[in-house]
Each structure stands twice: as structure tokens, then as C-alpha cells.
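All chains are identified by letter, namely A, B, C, D, E and F, in their written order; residue positions are counted from 1 within each chain.
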Amino acid sequence: MFEYHKTLQYPVKIDHPNPKLASIIITQYGGPDGELGASLRYLSQRYSMPFDELKGLLTDIGTEELGHLEMIGAIVHQLTRNLKDSQIEDSAFAPYFVDHTTGVYPTSASGFPFSAASIAVTGDPLADLTEDLAAEQKARVTYDNILRLSDDPDVNDAIKFLREREIIHFQRFGEAADLLRRKLHQKNIYAVNPAIDL
Amino acid sequence: MFEYHKTLQYPVKIDHPNPKLASIIITQYGGPDGELGASLRYLSQRYSMPFDELKGLLTDIGTEELGHLEMIGAIVHQLTRNLKDSQIEDSAFAPYFVDHTTGVYPTSASGFPFSAASIAVTGDPLADLTEDLAAEQKARVTYDNILRLSDDPDVNDAIKFLREREIIHFQRFGEAADLLRRKLHQKNIYAVNPAIDL
Amino acid sequence: MFEYHKTLQYPVKIDHPNPKLASIIITQYGGPDGELGASLRYLSQRYSMPFDELKGLLTDIGTEELGHLEMIGAIVHQLTRNLKDSQIEDSAFAPYFVDHTTGVYPTSASGFPFSAASIAVTGDPLADLTEDLAAEQKARVTYDNILRLSDDPDVNDAIKFLREREIIHFQRFGEAADLLRRKLHQKNIYAVNPAIDL
Amino acid sequence: MFEYHKTLQYPVKIDHPNPKLASIIITQYGGPDGELGASLRYLSQRYSMPFDELKGLLTDIGTEELGHLEMIGAIVHQLTRNLKDSQIEDSAFAPYFVDHTTGVYPTSASGFPFSAASIAVTGDPLADLTEDLAAEQKARVTYDNILRLSDDPDVNDAIKFLREREIIHFQRFGEAADLLRRKLHQKNIYAVNPAIDL
Amino acid sequence: MFEYHKTLQYPVKIDHPNPKLASIIITQYGGPDGELGASLRYLSQRYSMPFDELKGLLTDIGTEELGHLEMIGAIVHQLTRNLKDSQIEDSAFAPYFVDHTTGVYPTSASGFPFSAASIAVTGDPLADLTEDLAAEQKARVTYDNILRLSDDPDVNDAIKFLREREIIHFQRFGEAADLLRRKLHQKNIYAVNPAIDL
Amino acid sequence: MFEYHKTLQYPVKIDHPNPKLASIIITQYGGPDGELGASLRYLSQRYSMPFDELKGLLTDIGTEELGHLEMIGAIVHQLTRNLKDSQIEDSAFAPYFVDHTTGVYPTSASGFPFSAASIAVTGDPLADLTEDLAAEQKARVTYDNILRLSDDPDVNDAIKFLREREIIHFQRFGEAADLLRRKLHQKNIYAVNPAIDL
């Protein structure tokens, strides 16, 4: 079970509303490579993951990503506070606004509601960890692209923190894949499941 | 941010594998009225909810539903442990198994991957709380139906606990809607938003 | 069965084309809280609704919403008549236009084709009526938001009529829920299904 | 606007519950080639259809298909009345039941909620009428397949009526396409839009 | 099986980047009436199509559409080469960019990922060929609309080629439907399947 | 562009119809980790992939996967030839049959139509290649699971060939990722994009 702590993992303090930027960043809330998908992927995969270290790693990172999801929600919320109607009308935020006002809804930037079709849980430890390596790379790219589109230093400070965490998670999943291969008595670097191949 | 505690909110101990039942119960993991949707709905709605009590209520219940999601995952996992291939082949579990083996994947019983299209975040406090009342009723019905389909006492013990929680959440959201109406100086019981109507 | 009458429920006469506004209002045609979803929800729920008054109410409101769907179609159509290509190119209407020209297609403002995942039919009368209360609140918010984004008095006249109807439907569903609770001999205001709980 | 008449277009009287068959026939309620899609397609296309005869045809057939949707709902409802729990548990109906009890929900037989992605409104009269010809053929095939899977004469009587109507609609859309080509001063039988090609 | 040849079916050479136009044309890559859907529809239908000429036709056109898909990919790619960040920020391309950078992803212009729900394979030869006639008309309309929105002669040259091919495919599918009707000993022009009707 | 050769990459000759098994194997046609997704992923990623060797690799494997898609289509087709109605009625194939007869339609085993939401094209070479490594692992697991569910030697012979190819593709994508890291002058084994991090 989970316990909530009222502080964000990393502070978010944004001074300037920017609904257009919010309509881009929402993709890390509910988009294909966002924090919801990340958290859900890891917290779901842990049931069938063998070895306590690996199960624990999935739980740890999955729980941390819940906190990242919260940070993205806070960024979107702060970017859309105190808007005037004219700021909405003229911006790319209007199609989002009509359905969600300034609430935080799990959707991609292009308006596709979050779908679990964008994550995989295969029940196979090697496939799941490789999926996770890909997930962290894809999340990193999305943060790269947000940084390319945003010039708000308040936003970028938080986004850089989140981006950095994805890189660290990528490394930890890489170590986990190595550990798994060793546990499975595999030598070759591009491992396949020995239970099936041998 | 969130902290993970290793114990389930309520214990799950299932002795008899039953992949067919697992393929039904998974709907409370990723189905239209399941725990993932519930948690995501409440944790997302809180950003735009006014009044600290109401924001806190959404956070509390949203966090508790994360723990319920974990319990459903545990039920599905325990119902599919140590299966023989013949148990899979002959059961309604096969279409799930081919894509997810015995991993826990967020899908409805009918195989539709979780979609945020089944939840709403409107940014309007009255609409969001009414959505939540509906959500709790729908989750309650799903648990009713699981109880109708299952005769495993181990499963039913946990399902009854979860069902009971939905009823309590329904009552708390009802009280929250009343509180909101009072705060908005509304008298009529079927409240509409005075900021817009008057 | 249904009979068609050639007049709209409320007249729609729009003088000024405005494709950008059309691309927002289309969400009440095929979006998550739009008239298609409303009509489909009520007309589907009536099969399993007990008590003739309640079945009749669902049929009445479901049929009326079909007429609202037609009104929204007429608004979108009139807002996109006689456009010049330059009016399309420069507007947020272009992504809609490339696939649908100026036809009326059931999609949300953000381009997600109508999905029945956004409506629920649970077969349980209390859950269904609570779902309907939420649906009316959500539709009301969407009309609020359209009014915030539009300054065309021709459009707003029709939108205000539609918004008013949602509020009346909300009240009627509230009365229906009360009636149902009485019929089920329930006293408590946040009713649960006695057939299951007692 | 629409007016509801309490009689079905063709009577449905089914004596024997059969949840398995219901789980197949539901596809004509909310599946890819079902009555909901048919009605929605035609009633949506009419806004941009030129020529009063053609607009009227779309309205007529679209309205009739609403009545067919109602008939399918009645069939599914009657096939699932008075079920015992054991009849549900053992049948392919269980994944539907857990989310919808015995309510009538717009989904395909395979459990995919109705999606407007399965219909097209192009705003081009020739493309729309060709889409409609295809729609009627596809609906006809689905009825063929239901007849192959059902041996209940009560069900088949109504299904045969519906199938016959699709064939008549196909013929009427064929005549409409011919009329359109003549109106567009086109001679060639595989017509293309002269406004664009010449 | 398929063999790849390094030349495009028709040359694509675009000098001027235009991310806004790319965000429209992508709809022929992964949108409802695009080349991916076309190719997938025909190559899938051929398994159940009787008569070698018809099976061969589906294979031929399906394979050609794969080449068209490649052309559309090349157009999108060339329209988004060497962009400056400012060109992305200010354009309708940003919601696409954040998730896909300048990669080519199968989505509609409105951001809905390609869904096979937009194509049909019915296993019935007449229904499938009628579906194909509709598909070609719808693709033709989409190309019409791209031509209305684009004034880049390099783009339009390739788009006109593709549009022309759809018209030819429409004619070939018309001939195929005629051939099928003759093979089925049918006289009436709006053919129905004699295996079922007689 | 593509050229079709009439022979399958590996022969498929299945003697015994088995619609239930077909309803499982279809997942490699249109399911989340199937051959359609694989082919589409690689053929789409190549536009933005730098370095000719890597672009060529994506083209080669993407083209080969088209041939695998064809093999899966042939397997499903041969498993559903010459069925009697009773073989359909009694099997898990019925929900598929009602919409597609015995045509080959791109869907998962659980009836979710193929969605591009299950593939990623990020425009970033490292993220795309990591996605591809995950894709091959996931496809391998699906073939593992088919082998667990099937005891038809004719089917298994072809499935084993396809499974073997996924393992080889995994190795080639591993080598490609190494090559890319070297080209980007990266030393660390869990590489991140130096263009952004340094």
C-alpha cells in the first residue's frame, strides 16, 4: 500500500501562466511515454518478476514515478492558473480546455487519452526489463523535446530534474538486466531466455 | 510524493489457482470501473479542486485506491500461480495469456486495455464530485458481479473488503458534495454552479 | 422506433463562418461528454432499468438528446459553410478538415473519435442513475466552456438553450434517483443497493 | 428532432435465455458494422450532402437504423433475462457480465467499446455514398454470420428482417449514387468528383 | 514475401521545410483513410478472397500502397528536415514533435494513432470489394483536401501522383466487383451474395 | 517501394483446422507485439535514423517482418479453412467470426483492433533502437506462449522458425545499438544521447 507525503519530490514553482506550454507538457502526464505509463508499467510488472531485488527495484522506481506524475500535474496546474479567457481562445490549449477546463487530465499532447496499449507487461523477466530500458529512453527523449520547446526557467528546472531521473532509472534497469542474466546463468550479452531455448 | 509499504491494505491469501476467475477479476485492475481508473481520477482531479478539505479527500481516497489496485494485482497473481499449460488452454484465460503470460496487465475482462476515456476530469468541482459518486457506484456493481461469479471464499473475503470500501467512499463523496454546495452558498439539493448561473 | 421531424428542437441560425469555433463545438457532437454519448447512454440503459417511470424517463431524455445532437451538428455545419481555403489553412480546423472536409464527424475537440468507453451501462439502476447525474454535470461544464470561448451571439443563444436543458435533466435524474431509493425502501440519502447489502 | 414510438419496427419475442448468443449479437449493437455505427454515419453525413433527395434518404435510413438499434437491444435484453448465476459463469458472457451485468452496452462481440473510428464522414458526397454501400454490405455479412451461429427461431426471425432491410438500403444507396453521378453530369460508371478532376 | 527496392515509386524532392503541412499530410501515413490502412486492408483481405485474379489484384494494390506509404513518409520527413526550434514552437507541429521529434509515426492529423478499427476484413468477397471501393474514394478525398491546403509545388506534384493512383485503384476494384458478380452468376447491379440469399 | 514474391519466407502447411488456436495466433497478426507492429515500427523509424547501415538494417528487418506477417496470415487462414458451423459455435472463435467470418483481420487475441499506440517512433536513434530491442523480446515471448498452447506440429514448425528470427533480430539490434554508441563517441554501456547531455 502507499502513503502520501505532501511535499513534491522536487519543488515546482512557476510564475508565468503559459497554457500553450501546458498543452505540450501534459504529454508526460498521460502521453505514450509519460510518467503514468512508467509507473503503471513497473508497478504491474513486479507481480511476475522473479528475485526479490528485481521486484524491489520495480516497486521503488514505480513508486518514484508516481511522484513524478504528481510533479507533472503540478507543472500543468501552475501553468494554467489564473488564465483569462482570451489567453485560452488564442492558444493551442482551447481543445483541451473545452473538455477539461483547467483540470489535469491524463492525455497526450495530441489529445489521445492515456491508453495502456502503450505499455507492456509480458510476464517474462527479460522482456519486461528490456521494455523498461526502452521506456526510460523514450521518456528521456520527451523531456529533451520539452526542453527544446520551453524557455521558462522555472519549468525547465523541474523538467531537467525529471529527465535526469530517467537516465538514472535507465542505468538501474541496465544493471538489473545484467543481474537477471547472471542469475539465469547466461553468458551472452544479448540474452535470450534459457528456460525456453536450451 | 508516495511512499510504499510492503503490506497490503487487507491480506490476500488464495490457495487454489483459477485462471478463468483471474480473467474476470482483472477488470478491477484495468477495466472501465476498476481501481486504476478510480485512483487516477481522484489523484488527477485534486489539482483543480478548491478547498483544502476536498483536495485532501481526493488525495486520501486516490492513495487508498492505489492500495486497492495492488490488492487486485495480488489476487490475479495468486489465481494464476503454478498453472499447468492444460489449465490455460482449456480456459477463457488463453487470450490474455498469449500476450501477458501470467503477468498482471491493466485491461478489462473483455481485453480492452485501460483507457483514460473511461474517467473524467472536468476542472469543475461539482461535476468532478458527481463523477466520483458515479465511479464508486460503478465499482460497487463490479464487485457485486465478481461475487456472483466467484465461489472461492479466499477471493471473496478480499473482494468484500474492497466492495465495502467503495460504499464508504461513496458516502464520503456525498458528504463532500454537500460541503461544496454549502461553501458555494447553494440551497437547492441538485446544485448547479452559481458562478455561472447567477 | 423513432420518427424524424424536420424542425430543430430550438432554431440555429448562424451568420458568420468560424471554423476555429466549429473545431471546439464539435466536442459536444462526439466528445467525452457530448450529446451522442448522452443519448446513447440513456437509450441503452433503459433495457435493464426497472419501473416504468424510470424507463420512460431514460427514453424521453435519450430521445431529446438525439435532437440536441442534431442541433450541435447544425451549429458545426453552419459555422463551416462557404469557407475559403485560406480560412482553413490558418485555423485550428485544418487537422479536422483534411479527414472530413466540412462534414460533421463524431469526434472530440482534440480529435479523438467518439468512444463508448466514455459512457457506462452497468445494469444496476442506482449506478446507472448516478452515472447519468454525472453525465449531465459534465455536459453542463462543457457548455460553460464553450460560452467562455465563443463571442458569437447566434451560437451562444443555441448553446445557452442546450446548457439549460442539461440542468433540467440533472434535476430530473435527481428526482428519479430519489424515487428509486423510495421504491427500494431505502432511507439513507447516499443509497446503496439493498438487494446486495442486506 | 426525433419522436419516440413505443412499438418496435418489427416484433421481438424470445422465449429462451441464451447469454452466449447475446454476447455474439451485441456486435450489431456496438460493433464495427452494427446499427449504432450505421445510424450515426448516415445522420452525420446528411449535413454536408447536397441535393434534398439525398439528404432526405440519409435522414430516413439513419432514423430507421435507430429503430434497428433498438431491436438489437431488445434481442440482447430478452436473451439475458432471468439468468441464473451458473448460466453466466459457464458461458462466454461472463467478461461482459462483470462490467455490465445484463445491461445493454454498445460494444463489439470481442469486447471493444463502440468507436467512431469504424465510420467515415468525408464531406464528399461520392465518397460518403460509397462508404454507405460498403456499410450495408458489411452489416449484411454480420447478420449472415449471426444466422450461422444461432438456431433459435425467435431470434432468427428478427435477424432475417434486419438483414433484409440492409439489402434494401444497399439498393437505395446504389440508386442514390447513380442519381448523384447524373446530377454531377458524370457518365463513367466508376465516378470521380468532377469538381476536382476536370 | 516482400523485396525492397531503394527507389520510391515516384520521386519526392521537397526544398522548403514546412512542419505545419507535415502535420496535415501525416494523416495519409496513419490516418483513417491513409496508405497504411489501405495496404493493410488489401493484404489482409486476400487470404479469404476466392478466385486467383481477385486475390492477385488485392496483392498487387496492397503492395503498391506500401510504396505509397513510403512516399508519404518521405514527404513528411523532407518537410521536417533541418527545422529550427522556433519553427516548431510556433506551429501546429508541436504536439506531434514532443512525442516523436521529427520521426515518422503512424497517426492521423488530429493525433489519433493508427487504429485497425478504421478498416474492415469481413471474409465476404462482395463486402470486402465494396469496402475497398469506399476506401479508394475516401483516400481520394483526403488527397483533394491536402491539395486545397498546400501551395508547395514539390509536395503537390507527389500528392497528385498518389491521388491519381487512388482513382485508378477505384476503377480496378469496380471491375473486380463486376467480375465477382459474373462469377457468382448474378445479374443485378447492386449484387448480394447468392450463396446466402437464394 | 516493395515487390511481392509469391512464396512464403518459410512454408506453412497445416492439415487440421483449429479455430480456437487461430483465435490465439491472430495476436501475432494484429496484437500488441505482433508482426504488423514490428514491421511498421522499423519501416517508420528508418526515416529519422542516421547512418546508412542503421537505416538499412531497419529497412531489411522491417521488410522481413512483412513476410512474417504474411506467414501468420497464412497460418490463421489454414487453421480456419473448411470449418463447419458447429466448430465455430462451440469455440472461442465465435466473437471473431461474427465480425470477420474467416477473413484475416489485424486484431489481438483479446479482440482489440491493432493500434499504433503499441509502437513508438521517437525520432531519437538510441531510444528507437532500445524500443526495437524490447519489441523483439516481446515478440519472442508471444511465440513462447503460442508454443505452450499449441500441440499441432505443423503450426509449431512455422512458429519456431518465426521465434528464431526474432532472436536473431534482437541480436542485430543489439549490435546496431553498439555501433550507434561508438559512432556517437560514447563509452558507457548504458548510453545516453551526448548531443543533449554534454
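Here, contacts are C-beta pairs under 8 Å (C-beta built on N, C-alpha and C of every residue); 3 or more make two chains touch, one makes a residue touch a chain.
Everything numeric here is computed off the predicted structure, so don't read it as measured data.
Using the contact threshold fixed earlier, the set of chains in contact with both chain B and chain D is C, F. For A-E, the equivalent interface among the listed pairs A-B, B-D or C-D is B-D, as over half of the contact pairs agree by residue number.
Placing every chain at the mean of its C-alpha atoms, the farthest one from chain B is found to be E. The two sequence copies chain D and chain F touch through a face in which the numbers common to both fall below half of the numbers used overall. With centres set at the average Cα position, the gap from chain B to chain E is 41 Å.
Note on chain placement: the centre of chain B and the centre of chain C lie 26 Å apart, centres being C-alpha means.
The distance from the centre of chain E to the centre of chain F, with each centre set as the mean of the Cα atoms, comes to 21 Å. Distance between chain A and chain C, defined via averaged C-alpha coordinates, is recorded as 33 Å. Listed for chain C are residues 32-33, 92, 99, 101, 107, 110-113, 115, 117, 120, 122-124, 141-142, 144, each touching two or more other chains. Counting only pairs that meet the touch rule, the chains in contact are A-B, A-C, A-E, A-F, B-C, B-D, B-F, C-D, C-E, D-E, D-F, E-F. Residue ranges of chain D in contact with chain F, taken from their complex: 23-24, 27, 31-33, 92, 108-112, 141-142, 144-146, 148-149.
Across the complex, chain F is touched by residues 32-33, 112, 115, 117-118, 120, 122-124, 126-127, 130-131, 133-134, 137-138, 140-142, 144, 167, 170-171, 174, 189-190, 192-193, 196-197 of chain A.
Residues of chain B touching chain A in their complex: 1-5, 7-9, 29-30, 36, 40, 43-45, 47-48, 59-60, 63-64, 66-67, 69-70, 73-74, 76-77, 99-107, 113-117, 119-124, 128. Chain A meets chain C in the complex at residues 85, 88-89, 92, 94-99, 101, 107, 110-113.
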